[in-house]
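So the structure is just underneath, and the comments pick up after that.
The first chain written gets the first letter, and so on, giving A, B and C; residue counts start at 1 in each chain.
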């Protein structure tokens, strides 16, 4: 399988405190890669490094390389990087003063990526891909905050998809949701892998097992083990991985 | 034992009475002002009041139309100058205000906010009225704009600070350039608060008198150019209130009625809008 | 230069207007005041004669400085306890609905333009003060010098009391915020050792929040110092020696009311405008000092 993203010797510090140590990881294309590990192990920090979100925090320092199709994203324009590598957050963050339509269109609009006439098509396509179109097609002008939390999360996925990214990063995308919404999002993620490379950070091992093709286990800022999901869960090579998946550390 | 219980009871009663009476004492002036302004103001109000010039002092005919016109012109012009500067200053304070190099600017905005408004009037008199050798509508509007800028800057900054950081982050994650993210995502999310701040600043300058005295002076005639003196509701109240003619005093109350109506309406508008949010 | 840098420079330029304005205001006011100080020397600050007649010009702003100090002091002395009482009533004795409507009403006091306070003060409040406060005090305590002058209702006391009303909204709302920050553990701790509500407030809340309350008082003082219109309409507008505060019931003048009353009548070729600008400069300094103090205390407290 082709590698979409390759992380080489990645280190991240906040002020003087190091939170990511020498991470190396090859994320395969058009597959779902899960990153699991106990809370505080650095999995979210790793994910945000792939979207260059640490650029915004003066205290954060990133060293190492993140290659997208062989090119280091830290040597490119961060705006272009973020458009190619979309990010979905733990809690849905719809823009509160905007309608459903505007929420999906805003990224395209502010990046000057499409003419006005095409916006409607883009919005419809993105909402369809996010499995939300049927529910909102008649209320596109309603405020986004009127949607349920589960719908809001699919809306933010649609908003990211509207930019036609190549990679989707998801930071515990279902942890704020009820079980029904969670199931919907999981189905959605599985459907999306035909077109996108997806990295999901999750603290829910069963979710990783259900939806991902590959799994990386992180512990104390390091990647301990990376393998095909079924292999990693059935046959962990490291003792600490086994301890984690059997629930002896958390 | 009993005396202790009595003492405690007396203390509690005293405390309650103190709090209760304080509240009553503060509410009485509010109602007294509203009551007196309505009672005396309503007598002054008729059609002429809204469409006629004041006429010579002491005559019972005429109205305050030029003062209404003047206040509208002054407030509009001041807002055209003051609102954009205030909002952009607020954005600057929000985005860069915490950095060391901008300490001086955020400090100046604070001091400008504290400035007695009559000092602003003196400043505009020296820098605009004196060189132009004429009191003018322009000078009045400039003085009001200066009063407005720090108010709007601070409310804008505050409203922006209240937007959750996750919103700004979500915008950045979409690859939106930083400045567009501030203006179209963060500012947009804070627009209720920013608008409230603008409305409050407009209400405030509508009621300003002191900085107008030495800038636009007041006038008995219609607006006749930006470089000429102009009347305002507040100047008319101030000048007419202490005249010995009952007809002038009546016009002052009428103008106060109108002004109070606008001030209270704008403030209540903001309060009810704040709750819907 | 990318678009973010352009935006930074643009907003920096616009925000610098405030810095520029403040610097200009200081420079212009100082420059305009210098001639009168050259003429009068330090006497400008410490004497009381005031004569704008050409050839006999004399300017001393001491009475107006004292007038500002005295009226602001009355405002704080009367306004602060009332504000504190309101804050107590809202935090301790009101349910949600009452709290909501009462605080809206108190806030509306801040919404009333000051010239309307002046109008009401001149025609209504003044008579009330005269009949129910000044005359009784004068009749019973007329021998004491501060109550000795014949009351008219247009004097320092009226000026100070109208300011007291005007500072209530800001002082009570900051006091309320401060009181709401008192941790429940402190209150419960005092209840737990048998204290009543009085003990909780006197030994708990007030001690815990005394810096915050001090900040609120200074904010009110700042508001009172800079206020112009309402005071100018009820203070009686005396000038010169007559404006020295001798009694609460004598007509007086504050720095700001002096400027409002005389600025347009001043002959531009005399030193009169300069003397008035100087009064403005002193006023500005007082406002800045008080407000800086208030800001420092309040911001430190909130953190």
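Quick note on the criterion: a residue touches a chain if its C-beta (ideal position, glycine included) is under 8 Å from a C-beta of that chain, and two chains touch if they have at least 3 such contacts.
Quantities reported herein were computed from a predicted structural model and do not represent experimental measurements.
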Arrangement of touching chains [line / ring / star / complete / other]: line
Distance-maximising chain from chain B - centres being C-alpha averages: A
Chain ID, smallest distance between chain and overall C-alpha centroids: B
Chain A and chain B, separation of their C-alpha mean positions in angstrom: 48
Inter-chain centre distance, chain A versus chain C - centres from mean C-alpha coordinates, in Å: 56
Centre-to-centre distance between chain C and chain B (centres being mean Cα positions), rounded to whole Å: 18
Of all residues in chain B, the ones touching two or more other chains: 177
Shared interface positions of chain A, touching two or more other chains: none
Numbers and ranges of chain C residues touching at least 2 other chains: none
List of chain B residues in touch with chain A within their complex: 164, 166-167, 169-177, 180-181, 184-185, 188-189, 191-192
Chain C-facing residues of chain B, complex: 8, 11-12, 14-16, 18-23, 25-27, 29-30, 32-33, 36-37, 40, 84-85, 88-89, 91-93, 95-96, 102, 104-105, 108-112, 114-123, 125-127, 130, 146, 149-150, 153, 177-179, 182, 203, 206-210, 213-214, 217, 234, 237-238, 241-242, 249, 252-253, 256, 259-260, 263-264, 266-268, 271
In the complex, chain C residues that touch chain B: 3-4, 6-8, 10-12, 14-19, 21-25, 28-29, 32, 81-86, 88-90, 92-93, 102, 104-109, 111-120, 122-125, 165, 168, 172, 196-199, 201, 222, 225-229, 233, 256, 259-260, 263-264, 268, 276-277, 280, 283-284, 287-288, 291-292, 295
In the complex, chain A residues that touch chain B: 51, 53, 56, 78-83, 86-87, 89, 91, 93, 95-98, 106-107, 110-111, 156, 159-160, 163
